[in-house]
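Next come the structures, one after another.
In what follows, chain A forms one complex with chain B and a second complex with chain C.
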Partner chain A sequence: METFAFYLFSILIAGLFLVTVLSRNVLYAMTSLAAGMVLISGLFFILGADFLGVVQLIVYVGAVMALYAFGMMFFDATGVVKERNTPALLVFLLGGLSAVMLVVIFAAPAIGSHVTPSFRTPQGVDNPHAVGLVLFTKYLVPFEVAAVMLLVAMIAGIILAGKKMDTSLSKISDGEESQAAGKEER
Partner chain B sequence: MIGLSHYLILAAILFAIGIVGVIRRKNLLMLFFATEIMLNAANIAFAAISSYTGDLGGQMFAFFIIAVAASEVAVGLGLLILIYRKYGTLDLDNFTMLKG
Partner chain C sequence: MDGYIIGTIIKAILILAIISALAGFGTYLERKVLAFMQRRLGPMHVGPYGLLQILADGIKLFTKEDFIPSHANRLIFMIAPAITAATAFIALAAVPLLPEFTIFGVKVRPIVADLNIGILFVLGMMAAGLYGPLLAGLAQHNKWGLLGAARTAVQFLSYEVVTGLAILAPIMMVGSLSLIDFNNYQTGGIGSWLIWKQPLAFILFMIAGYAETNRTPFDLLEHEAEVVSGYATEYSGMRWGMFFIGEYTNMITIGFLASLVFLGGFNPWGFIPGGLAIILKVSFLFFLMLWIRAAWPHVRPDQLMWLCWKVLMPLAVINVTLTGLVMMV
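And now, the complex of A and B:
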């Protein structure tokens, strides 16, 4: 059963991501990317990483994809993307070579050596409980730093996508702002 | 039975798909999609190693990768919107003003 699920998921994920990479339509690419993310969370559930799978569903499929869909409203994305592509043969040669190299790099140490855990999974508790135990003891400082990073990213996103990007926000006084708004209305 | 190397090879294949996307696409939004694919491939490898060795560190790294990806999308999409407002296109070939 696990074998069947793994092969089904991996074939579907690879196919969907190939659609993402090769499609000329931004909407198709985004939709297949979202579907691939959902199936990747299925892989996490097979691996027993329940909490990671749920986070993958919420953050990637929920937040990131919604953000992309929102961003696509700014770009004229309904049509076909016009691109001047590099030669396909060169691309597939380079991509294939890096694929072979990556498979060798990934598979060689994992097959050869015995990896020993440095911080063993707590026994007798389910996965979200164990994640909480480890995250708030050993990884507390990176957790806080990640929180600060998300805050910085949120402020940066608001500032970058906000209005009046052609002038400095600190130089606009209230009177000028209403004047500018009046100009836009006319 | 599925072993660890199955998952690692799947992660490598997905990473290679992402690399093909980064090499091939000229649209900035598509480059972002390809980056997401590569980050997800790394996540799969981390989760698989974490599960097969009984060490939760891999899952922790996957969480932090997800956090980094989320903030990258937030900042990157803001920059994309700025670029689109200024130049009216997202084609990479138009952004060659730095060439000597």
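And now, the complex of A and C:
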């Protein structure tokens, strides 16, 4: 049952991401990206990691929604985008190499028999507690560093987008409007 | 194991049937309540007190031509309403609707999937439901629809933050993400309801819930006076109906979430048994949504953003910080 579910999800995810890469229609590309991200959470659910599955769902549903906002501003959603594809051997080689490397890195623990987990999942606690325990003991420093980086990104975003923030959009006269509207939507 | 699978299937079918019927009945109730508040009679002609109006609406929706505009993206246009309806019911799967009861000697737990992260799953699925309006607006090749889709994205990205932060303070107090644990935390009668400890979180959650279910003070997605019908402009017949079944199901889900998290859930309430208590609470919250629709005007998009980012989000952050301080000190 679980094997069947795994292969079903894997085939669907791979297919959907292929559509994302190959489709020339923005709407198809982004919709299949969103659907693929939602299906990845299915893999977490199969593994019994309910919490991570739901986090995947919530985070990527929001993130892809932001992509849609950009897609809406830059492209005609129902039309076909003209792509400029210059076949570059170097790009192809580097992309393929990094893909192979990623597969090798993530497949190594599954194939090798000398790998032991350095931090075992504690028995008898539920999912969010287990994640919290690891996050606030072994990985405390990376966690805090990530928090600081997010803070830096947030402040940078506020500064970049924050000019004219205190004037209401409906009170700006027509000449300035288009300029301010572009900022507001971000 | 077989019994479990069969039981789950029966529960899923029952919930699907009952809730979609209730969603249809909700449209009738909404028209009646709005009518009485505006000193009108509402639907009166079909059946006694217009009760058969639902049936008439159903016949109309099912038999109307299913129209797809010529320049629209057909596939996405067709699946968008299904996304809204399906995610609304998937979200309901993780909500415990009633207390446990025994029927024909079998113990029944009225929840389809008892996840130990129930509340996050429900909120995540309801968030995914907003892809329905977004895709519908983008696929229909109509400027009103595009505006509706843009407003969906903006509203969703803002109010998702407030929902999460508002619900975080009760989660910290209960120490669990399971909706059944929330219910069991409030067993000590009306005094132990979380609304007395977290009044601000309750108000923030309800406001954000109205924005997520696209209810009136925040129903910018299909604001008739501004963008014709927003994301639903080009839809007709049953596809349009699916959007509305989804919307009313989401209203019921928000009602159940609010009563489980803040209003004591399905614990017995004085002499009222638990099952009836939660139905009364959800009915009141549903009525509150109709009441607010009758009482309040729409807000402008910039007012919506102002309210979210400059009022509600700081309040929610302060609430979470204060809760943490009180719990730790």
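The rule we apply is simple: the second predicted complex is superposed on the first by the 117 of 186 C-alpha atoms of A that agree within 3 Å, B and C clash if a C-alpha of one lies under 4 Å from a C-alpha of the other, contacts with A are read in each partner's own complex, and residues count from 1 in each chain.
Please note the rule applied: a contact is a pair of C-beta atoms (placed from the backbone, for glycine too) under 8 Å apart; a residue touches a chain by one contact, two chains touch by 3 or more.
The model shown is predicted, which means the values in this text are computed figures rather than measured ones.
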item: Chain B versus chain C as contact partner of A:Gly48, first or second or both or neither; value: first
item: Partner chain in contact with A:Ala146 - chain B first, chain C second, else both or neither; value: first
item: Partner chain(s) touched by A:Val134 [first = chain B, second = chain C, both, neither]; value: first
item: Chain B versus chain C as contact partner of A:Leu94, first or second or both or neither; value: first
item: Partner chain in contact with A:Ala14 - chain B first, chain C second, else both or neither; value: first
item: Touched partner set for A:Asp126, first chain B, second chain C, both or neither; value: second
item: Which of chain B and chain C A:Ala66 touches, first, second, both or neither; value: second
item: Chain touching more of chain A, residue-wise (chain B, chain C); value: B
item: Partner chain in contact with A:Asn25 - chain B first, chain C second, else both or neither; value: second
item: Chain A positions touched by chain B in one structure and by chain C in the second; value: 51, 55, 68, 72, 77
item: Complex interface listing, chain A residues touching chain B; value: 2-3, 6, 10, 13-14, 17-18, 20-22, 26, 29-30, 33, 36-37, 40, 43-44, 47-49, 51-52, 55-56, 59-60, 63-64, 67-68, 70-72, 74-75, 77, 81-86, 88, 91-92, 94-96, 98-99, 102-103, 105-107, 110-111, 115-122, 130-131, 134-135, 138-139, 142, 146, 149-150, 152-154, 156-157, 159-161, 165
item: Of all residues in chain B, those that touch chain A in their complex; value: 1-2, 4-21, 23-27, 29-30, 32-34, 36-37, 40, 43-45, 47-51, 53-57, 59-60, 62-64, 66-75, 77-82, 84-85, 90-91, 93
item: Interfacial residue positions of chain C with respect to chain A in the complex; value: 71-73, 75-76, 115-117, 120-121, 123-125, 127-128, 130-131, 134-135, 138-139, 141, 146, 149-150, 153-154, 156-157, 160, 164, 177, 300, 302
item: Complex interface listing, chain A residues touching chain C; value: 25, 27-28, 31, 34, 38, 50-51, 54-55, 57-58, 61-62, 65-66, 68-69, 72, 77-78, 126-128, 168-170, 184-185
